[in-house]
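Labels for the chains are A, B and C, by order of writing; each one numbers its residues from 1.
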Amino acid sequence: MPDPRFFECGLVLTLAEISRIVGGDLVLPANCEQEIRGLASLGSAKVFDLVYLESARHLPHLARTSAGACLIRRDMVEAASAVSSVARVSLIVVNDPKLAFITIANVLHPERCAISGIDPTAIVAPSAYIDPTAIISAGAVICDRARIGARSLIGEQAVIRSDVEIGTDCNIHARVIVSHALVGNRVTIHSGACIGRAGFGFHPAPSGLQRVPQLGRVILHDDVEIGANSCIDRGTLDDTVIGRGSKIDNLVQIGHNCQLGSYCIIAAQTGLAGSVVVEDGAIMGGQVGIADHLTIGRGAKLAAQSGVLRDVPPGEVQGGSPARSIKLWLRAMSRDMNLGRIQKS
Amino acid sequence: MPDPRFFECGLVLTLAEISRIVGGDLVLPANCEQEIRGLASLGSAKVFDLVYLESARHLPHLARTSAGACLIRRDMVEAASAVSSVARVSLIVVNDPKLAFITIANVLHPERCAISGIDPTAIVAPSAYIDPTAIISAGAVICDRARIGARSLIGEQAVIRSDVEIGTDCNIHARVIVSHALVGNRVTIHSGACIGRAGFGFHPAPSGLQRVPQLGRVILHDDVEIGANSCIDRGTLDDTVIGRGSKIDNLVQIGHNCQLGSYCIIAAQTGLAGSVVVEDGAIMGGQVGIADHLTIGRGAKLAAQSGVLRDVPPGEVQGGSPARSIKLWLRAMSRDMNLGRIQKS
Amino acid sequence: MPDPRFFECGLVLTLAEISRIVGGDLVLPANCEQEIRGLASLGSAKVFDLVYLESARHLPHLARTSAGACLIRRDMVEAASAVSSVARVSLIVVNDPKLAFITIANVLHPERCAISGIDPTAIVAPSAYIDPTAIISAGAVICDRARIGARSLIGEQAVIRSDVEIGTDCNIHARVIVSHALVGNRVTIHSGACIGRAGFGFHPAPSGLQRVPQLGRVILHDDVEIGANSCIDRGTLDDTVIGRGSKIDNLVQIGHNCQLGSYCIIAAQTGLAGSVVVEDGAIMGGQVGIADHLTIGRGAKLAAQSGVLRDVPPGEVQGGSPARSIKLWLRAMSRDMNLGRIQKS
C-alpha cells in the first residue's frame, strides 16, 4: 500500500463499489462487502490490497500473492482459478485490468490538492495574470504579462518568463523554466525542464562564430507531458511544436524547429537535432538520436539507441545505429552474437 | 514574422537601408523604398518579410514564397530569376546571405534590455561586488565575494557561489549554478547548466568508496556558450578549461580536467570523460562519447553517436562506435545495410 | 596548489607530520622538517607541494616534477630513485599512495564549513523539522513535515518537498529537488538532480494515453551519491532503491522501480529503463542503456555506450550495442577496424 505520508490514503472501497466504478463483474465466491484500502503489486500486496493481472506471464505471481482482490480479463479467469492462492483472492472481471486499476488508483489515492492562491514568497509581476483558482508555490517567479490559467499549479522555484501563456489544469513542477512559449491545457512539465531556450545555431563569420538569432517560439499543445531536466529549444524563425497528447520522458533534447504530431512517445535521453518532423503516434525508445531535417513517419517505432540518418517511412520499425529495418538490424545482431562460432567453424 | 509578444518588433527598414547595412546590391526592378518589417523562413514569409536563400537546394521554396525580399549570392541570381515568384520578390545580392540575415535580425529584433540594477527579491551577499550596470534578476543568489562584471545579466533563480568571477557582457540565464569558476567576457550559460561541480572520482578504500577531493576550478574563456542543463565539472588538481569561443549545446557532460581549445563545437548530449583534450576547432555531433585521457586533434570532426576509444588525429573525420575513419565507418554501414542481399545471394 | 579563493588553505604540514598521518616511511635523505603547503599534479607542482605516483606509467612525469615530496609505493622506490629530479623530491612510502593523498587533501583543504542555521531567505514550513545543527541555505524551500537531520546541508534554492526525510551529514546541493523520498545518512546529491518524479508510464485508453499513477517512493541508502542534473524516478507501486554507497554520475536516468545494490558505480549519461535490478558492485561506463526488467549481476562491468538487451550474469564484462561478452565485442571491433584490409585481400 502506498506510503500514507506521501499519498492521500484512508478511503475504503468495498468490492461491490469497485465493480460498479470500473464496470466489472465479481466472480463467486467473492464477498461484495469485502474491503479494499490500497493498491499494490502482486509481490508486495497485503490482504486489504487490490492488484491486477496484466498477462498470463504473471500467473505464478498471482499464485503466491496475499492480495485481497485482483482485476482480471475474462479469458484468464479459468487459468487463474487453477492456481493455489486464488481461493483467497476475489476476482473482478473487466475488459482492461490495467485501465481499471488506474481508475481505482485515482479514486483511492487522489493527487493532494494544494490550496489555490499565491504563496507569499512567490514573486509575481504586477502585469502578470493569475487565475484566482491557480496555485503559485513558494519561490516561483512569474514575469511580466505572463498568464496562468484556471486550476494550474506552478511549482516551487519555477520561472515563467515574460508573456508566456499557461492554459488550464496544467502542472508545472518545481524549478521548471518556461520562456517564449504558449502552453495548452492539462500540460505537465516535470522539474528542471527548460522550455524555450534559444536553440544551438552558429554561423562562421570573420569575427568568429556568430549566434543565429532564434526568433520563434515553443508551442505545447493540450495534454502534453515533458520529463524532468528535458530541453525543448524554441524555433529559429518558425515554431517548435509538440502535438496534442505527446509524452516526452526525462533528459530528452528537442532541437529548434522540430514538429511533433499527436500522441508521440519519446523515452529518456533521446535527442532530436533541429527541424525534425515526427508524425502522429511515432514511438521512440531511450537514447535514440535523430539527425536534422528528417521525417519520422506516422506510427513508426524506433528501438532504444537507434541512430537515425534517413527518413523513416510510416509504420516502419527500425533499430541500430545507423537505423535500418528491424529485419536487417536483427540479422546484424545475430551475426555479431555468433561471430565467435562462425570464426571457429 | 516573430511574435511581437516575445521579440522586440516595430522597426521598419527600406530595401535601400538594408542594402546599406549589409553592403549588398539591389537587383532591379527592386524598389528602394519598399518596406521590410520582419524576418521569416521561405515557407512562412509574408509580403513585408525578408528571407534568405541558403543554397540552390531551396530554390523550389523561393519559387513559392510570399516574401517581399530575399538575400542571395550573386551566383544564384540567374537561377532565382528563372523561378516564378521572383517577379514579386526583390533580390539583395550579398557575399554571405545567412550572415547578412543575422545582421538584419539583430537590427529588427534586438534583444530586450532588462533595466540594470538588483531586483529587490535577489539575495546578494554584502561582500559580493556587482557592477552598477549589471542586472541581477528576481530570486537570484549571489554569494560571498562573488564578482559580476559590467552589463552582465544574472537570470532568475541563478546561483553564483562564493568567490566566482563573472566578466562583462555575460548572459547567465535563469537557474544556472556556477561554483569554483572564473568566467570570461561575453559568456552565455543557458538555464539549468551546472558549472563547477566536484567531478566523479572515487577510490576503493577499506571503508568503502572514498571520494577523491576535487581541488581545481572551471575556467570559461571569452565568448564561450554552454547549453541548458549541461554539466561542466571542476578539475581534480588542475583546472577544467573551455577555450575562447567554444560552443556547447544542451545536456552535455564535460568531465573533470578536460581541456577544450578555441572555437570547438559540441552538440547536445555528448559526454567527455575526465582529462580529455580537445584541440582548437574540433566539432562533435550529438550523443558522442569520448573515453578519458584521449586527445581530439585540431579541427577533427566526430559524427553523432561516435564512441571514441583512441586519440583522433588533427583534421580527421570519424564516426561509429568504436569510432574509426569515415571511410571504414561508411564501409561498415554499407555492409550492414546490404546484409540481407548478401545473405540471399 | 588549489586556488585559496575556492579552497581552505593556509595550513602547513612537515614531512614528519604527513608520514605520521598516513602511516608512511620517509626515504632518506628526506628532511623531516620540510614543509608542505598544498597538493598538486606531477605536472603543475611547485616546491611546497605534495604529489603522488599512481603507477610506473607516470615515472617520466615524476622525473620532471618540481614537487617537494611524493607519496609512493615501496616497489616503485628503486625505479623512482633512478630518475633525475628525485634528488630534489622527498619520497614517502605508503601502501596506497592515492588513498594517502586523499587523506592529506582532507587535512590540508577541508571543506569550508557553512555556519549552521537557517538562512533568513530560506522558506521553511512551520511543520518541517530542521535539526539545530543543519544548514539551510539562501532561497531553499523546505515543505510541510519534511525532516532534515543533524549537520546536513541544504544548498541554495534546493526544494525538499512534503514529508521527505533527509538523514544526517548529507550534502544536498543547490537547486536539487527531492520529493516522495527517504534519504539516508552521508548522502550527497549534486546540483539540479531531480529525485522522486512520477515515472514515465502511460496506458492507451479510449480517451488517449492515460497516466499510470506512480504511488511508490525513492529510497537512497547511506553514503549514496547522485550527480548533477540526474533523475531518479519514484516507483509505481513498490520503491525505487539505490543501495548503500552506490555512486551515480551526472545526467543519469534511473527509471521507476529500479533496484540498485550496494557500491554500484554508474558513469555519466547512462540510462536505466524501468524495473532494472543492478546487483552489488556492478560498474557501468558512460552512456550505457539498459532495457526494462533486466538484471545486471553482482560485480558485472559494462563498457561505455553498451546497449543491454538481456540479463548480464554476475562478474561478466560486456560491451557493444547490443551488449555481449567482451570477447565477442572485441572480435566485432577488430573486424570493423580491419574491414578495409579484408575487402582488399
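As a working rule, a residue touches a chain if its C-beta (ideal position, glycine included) is under 8 Å from a C-beta of that chain, and two chains touch if they have at least 3 such contacts.
This is a predicted model, so every value here is computed, not measured.
Annotation: the chain B:chain C pair of sequence copies touches via predominantly different residues, less than half of the used numbers being shared.
Matching CA atoms, the turn from chain A to chain B amounts to 120°, rounded to the nearest 5. One simple way to say how far apart two chains are is to compare their mean CA positions; for chain B and chain C this gives 29 Å. Chain B has residues 139, 157, 175, 192, 229, 251, 269, 287, 321 in contact with two or more other chains. Remark: chain C residues 123, 139, 141, 143, 145, 157, 159, 161-163, 175, 177, 179-180, 192, 194, 197-198, 200, 202-203, 205, 208-213, 215-217, 229, 231, 233, 236-238, 251, 253, 255, 269, 271, 273, 287, 289, 291, 307, 320-322, 324, 327-328, 331-332, 335 touch chain A in the complex. The touching residues of chain C, counted against chain B in their complex, run 2-3, 5-7, 39-41, 43-44, 96, 98-99, 102, 105-106, 109, 112, 121, 138-139, 155-157, 173-175, 190-192, 223, 225, 227-229, 245, 247, 249-251, 263, 265, 267-269, 286-287, 304-305, 321, 333, 336-337, 339-340, 343.
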